[in-house]
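One chain, chain A, links the two complexes that follow: it is found with chain B in the first and with chain C in the second.
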Partner chain A sequence: MATKVLMEALSPTMEEGRLVEWKKAEGAAVKVGEILAEVETDKAVMDLQARAEGVLLKQAITPGTTVPVGQLVGVIGSAGEDIAGLLGASAAGSAGVPAPPPASAQARTAAVATTPGATAAAAAATPAPGPAPTPTAGGRVKASPLARRMAADRGVDLAGVQGSGPEGRIVVRDLSTGARVTPGLRAEGEAFIEVPLSQIRKTIAKRLTQSIGPVPTFYLTTEIDMERVAEAREALNQSAQRGGAGEEAAKVSFNDIVLKATAMALRQHARCNAWWQDDRIRYWNEVHLSVAVAIEDGLITPVVRHADQKTLREIAVEVRSLATRARERRLTPDQYTGGTFSVSNLGMFEIDQFTAVINPPEAGILAVGSVQAKPVAVEGRVEVRRRMRVTMSCDHRVIDGATGAGFLRTLKGMLENPLAML
Partner chain B sequence: MTGAEPLGVIRLGQVSYRQAHALQRALVDRRIEGAIQRDLLLLLEHEPTVTLGRGTRAGSLPLPPEELEAQGLTVVEVERGGDVTWHGPGQLVGYPILDLHHHREDLHWYLRQVEQALIMGLARMEIPAERNPGYTGVWTEGRKIASIGIHVRQWVTSHGFALNVVNDLAGFDLIVPCGISGVEMTSVAGERRRQGQNGPPDGDAGDLYEATVAATIAGVGEVFGRCPEPATLAELLPAGTLPDPGTFPGRGPR
Partner chain C sequence: MPTLTYRDALNQALREEMARDPDVFLMGEEVGVYQGAYKVSRGLLEEFGPTRVVDTPITELGFAGVGVGAAMVGLRPIIEFMTWNFALLAIDQIVNSAAKMRYMSNGQVGVPIVFRGPAGAALQLGAQHSQSFEAMYAHIPGLKVVMPATPADAKGLLKSAIRDDDPIVFMEGEMLYNTKGEVPDGEHLVPIGVADIKRAGNQVSLFCYSKTVSLALKAAEQLDAEGISAEVIDLRTIRPLDLETVFGSVSRTHRAVIVEEGWPFAGAGAQLVDEIQRGVFDELDAPILRVTGADVPMPYNKHLEKAAKVSPEKVVLAVKRVLYLE
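The block that comes next holds the complex of A and B.
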């Protein structure tokens, strides 16, 4: 009878442990009490001892992998024993087994990086009790919980998917072909990727927090020429009026255009579209914009989901609807949670420029001032042009100065040349 | 402390990292076998050494090991938890060899207790020290004064702490990632200078070191409920296995 080797709790407060090194090879004979592996938690390393005698039949995880306490890490049994059942049951029931792909440095995909909070948040963002996967001849299809949920969302039948995880387990990356974590942080087909904090990011986070408070914020301001946006907006709204029906609802505001441009710029700057998660950073591949709306006794930030994929008109209609619901206090939680970046606009109050407070765990917020006509130098001559100042507040634990500046440059370019965006 | 079980304190002076490592292993083995019955605290200094713990990441060591060795440092990979750290003369290194069966079988508890022992020792030196949640070690006003990394086999502990006392802190510059002074290191001498208690004149560095040793022993004894008493290797290891005294060229207690 084979015995499971589990990640042991070396402290009641230990939730997960990192298997540092295997001390016994697969196929090696082990006695009770012999050291199988080293496990690290916090700054302590402890030996994992064999609790059964026999042969180490399987090393279920690779060195360097962190797994929750109680998860199967290996199997001891007699030589030649069939342990497929033991491994299969464990793989299907466990949270995140596979080791990070070595090529992608420390980048772990959503499929393998599961913290309780992260899973809960992802579940909140995509609540989808879909059809159960089709059982195959061999029984249930093996897949990670996230892969199951995403497959259900998309109506994908897991029975037809080739798994690339251990024992052919289906993980998220198997759901779309060619999905790979690229250096640009984009992983097609996944909502986000999570990257454990590197030493330098940890150090930056700690030092800056000591200096300025729990969210070490800095501010970047730029002035954007809005002449062409203004012209494009007039043209859009005139054509809508000629079209007749629902002209009020369909009218596009400056803010709608800023939202659209922000969402598109975030697609190019995933490093600004991120959540601070204490021990890791979640870089979102989806853009969900939180839009600050003033209500009678406060403010709330309804979320325009997938704002980068919506047309200007769709954004305009949705923001109008969300703002109305917000003032009537009829927003449901899924309408005001899950944003990946915020935009706050006080232009209608004739505020030239301001700094907005970051909405954690988001790492950035854009404060948008009013569009004002003012004299500016254009090719050596003074012209009166409509200009708008925006200030981005950045969580320095996530976004560095140059990173935020790169995003703002793209945003400015889009707004100064809106045809490229529309 | 009457009635408390003993804590055998062994002062080794300056010992090479590898020698101290072999010695710890021998003592841990004897404790597991039951040949040693009491808790021990080894106190020593290392020659300039960079050690790489099990948590060492790429990037924590900006220079390749060969270059560090060319600068006269020893580079050792060790089985303790934690990232890279530096040891050298003037730093108080403490290796408690305790059987946690007789305390609490809880690694996190043990780490916090070691921190507490150092905090209490530093309090005796009038240095206010504290923990930094999430960053094991001991800190004072945001500066790191002691590093901790431990190993446990069958609940017997080894490795331990390194408290900066009168050592030159420049050694840590070799392991600070990417030139960002991420963690500011400090020492007992540095903190006392900062407090305006003009640092000890040159001749008195030894006094400050000795005072810190005494305070740290008291802190460890207090936190783990043990009564410190001097001990020697001769009484703990069988005659044949006792390392040749010649291999311990240390100055002895300074």
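The block that comes next holds the complex of A and C.
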């Protein structure tokens, strides 16, 4: 009787393997334990050994092909044996279709890319629907009975869940990580986390898109007291002048401070630092701010990478440099792609407030108005204070009203009390 | 509460039931003058006399048949086999007579009999004397199979078995006779068909019975030290199975491991696997695993025998596999 040769898990974490080279030709006699092929795992090149004795009747995949663990790669039997049944049965899931890398592997790859710019550019270059994350033989999703029931209860589509059990079986712990997408969740060392759309997010997306267009946007406005920011900014810029570094480049603008505060607030509100990816949402663990810059015949958004990790002065210098390059049309693609959230400031044009258009796949943009002195009630008395209005445009498929409002509250708190940014 | 050995707890059950009901009598090889090969019947001949404590020739089929006949005409015999390995000679009486009479007489003739004796492997007794036959008897409609793990259960279940109106296969753990535990005085009855939760836990259910209960408890302790919470359930009876308790536990833990001394093929645990997967399929997060004796005649060699038996280490490994940790 013929025996299937399957891709084996040759390392504890191996989910798929690339067949490097066949060591036995079709028709060759094999004994148990003999090396059939070399397989590249996630860690090294290993030997795939024969588990049965006979003749290698079929090499079901060609060298260079990557298949998930458990998939048929060959057949051992007796010479002349009819193996059409064996091959046919697994034809659907076999041969030549390289399994898409799981989302987590993608994230890991991105995370080890050499420069942040390349990271985001590479990620941006593969837009819209990501590959199905769970390798499935013949399209069937393997899941434990309990995982199936819980997924149905929660409206989670198992097709979008990465299974961690044997041969990619989805077990309950896989669901709980998928379902526990809290802003605080940060996978160590990964640039982002991708979360398949839950049923409720799918429904929200469908209904709202029907209502107002492909990016169903809503707007949240708040007014922020800028007195303390203004005082801090004046002090900073004076000390920079006294320190002899008082060049134009080192001056910090209100916008630089807004950028810094936005980046810090996004770290606390990962749900707003996200990309809409059609069948999933990518929640970024890194903050890359797109900054809208007006140029002669239009507008471009260079990106301040890792804005949350940069000092105010670093942001100030970088934004000026990017803006200059933008006006000179010398920005390279990696300098204007890969942002995770946008900020657009029309304060210098004395605009009180406005709404900005979202820059897909980002899910949010902050429109910043001018800082104006105006009378406001402070502890029951009218005082003249410097105030600024910001309006956040939110992609409702990703961000709900309360989610966006939570972010704005944090941002407001940071600007009204700059120490909160520390 | 007095502390007794498993052996003395059985002795107490026999004495109390013989004193309570004059129809109860004990019959078997060496049960009288020698007071039992394992001293379970110590003092009974003296107390109840030779008509109620009957020494037999070495004729398992014969005295098992005498017992079935006596039960059919209204007595309540207790038939002791020196070990269940020897009961193979009497299996025709157990299966073809005791288990069939109520059915074939259209309910007119019951067989209130207890077949009892030590079961399972002890130490280096060889392939023919180291066997676990509970699956064979549990296979037979008309028989109940009872396997106590503790002295208290030994007493309470034997008393219930003697009072039961149908044939009972009562298997004592040969390695358990010397184990001690608290045993309630007097009227202590443990109902047949009710499992006992020995240790509560929430990550995996360990189902066990007879000698494997202590193995499972040891495994649970090791697992606890590693932060894994195992529930240990003593089935107490293999047939009928207490499915309510089994299903309740699996519904809490979502994982099950069954620990049994017998062979894997068509073993008692296989039936439990079948019941669980049909009864609470949607609760399972992993395949149900069984830790069983090796699928070989028991080796005499000490090291091979050890390797063939179930152990806490094997249970721990199985638990880690159903938790996807191995």
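Everything that follows uses one rule, which is that the second predicted complex is superposed on the first by the 237 of 422 C-alpha atoms of A that agree within 3 Å, B and C clash if a C-alpha of one lies under 4 Å from a C-alpha of the other, contacts with A are read in each partner's own complex, and residues count from 1 in each chain.
One rule holds for everything that comes next: contacts are C-beta pairs under 8 Å (C-beta built on N, C-alpha and C of every residue); 3 or more make two chains touch, one makes a residue touch a chain.
Since this is a predicted model, take the numbers as computed values, not measurements.
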Determine, under the contact definition given at the top, whether A:V20 touches first (chain B), second (chain C), both, or neither.
first
Could you say whether A:K206 touches chain B, chain C, both of them, or neither, answering first, second, both or neither?
first
Give one of first, second, both or neither to describe whether A:S198 is in contact with chain B, with chain C, with both, or with none.
first
Classify the contacts of A:E38 with the two partner chains as first (chain B alone), second (chain C alone), both, or neither.
first
If we overlay the two complexes on their shared chain A, which of chain B and chain C does A:Q49 touch? Say first, second, both or neither.
first
Residue contacts on chain A - larger count, chain B or chain C:
B
Quick one: classify A:G80 as touching chain B (first), chain C (second), both or neither.
neither
Taking the contacts chain A makes with chain B in one complex and with chain C in the other, which residues are shared?
none
What residues on chain B touch chain A, complex-wise?
53-55, 57, 59-60, 79-83, 106-111, 135-137, 142, 148-154, 177-178, 180, 182-183
Considering the complex alone, what residue numbers of chain C touch chain A?
254, 281-286, 324
Within the complex, chain C is touched by chain A residues 144-149, 164-166, 171-173
For the chain A and chain B complex, residues of the former touching the latter
10-14, 18, 20-21, 33, 35, 38, 40-47, 49, 198-200, 202-204, 206-207, 210
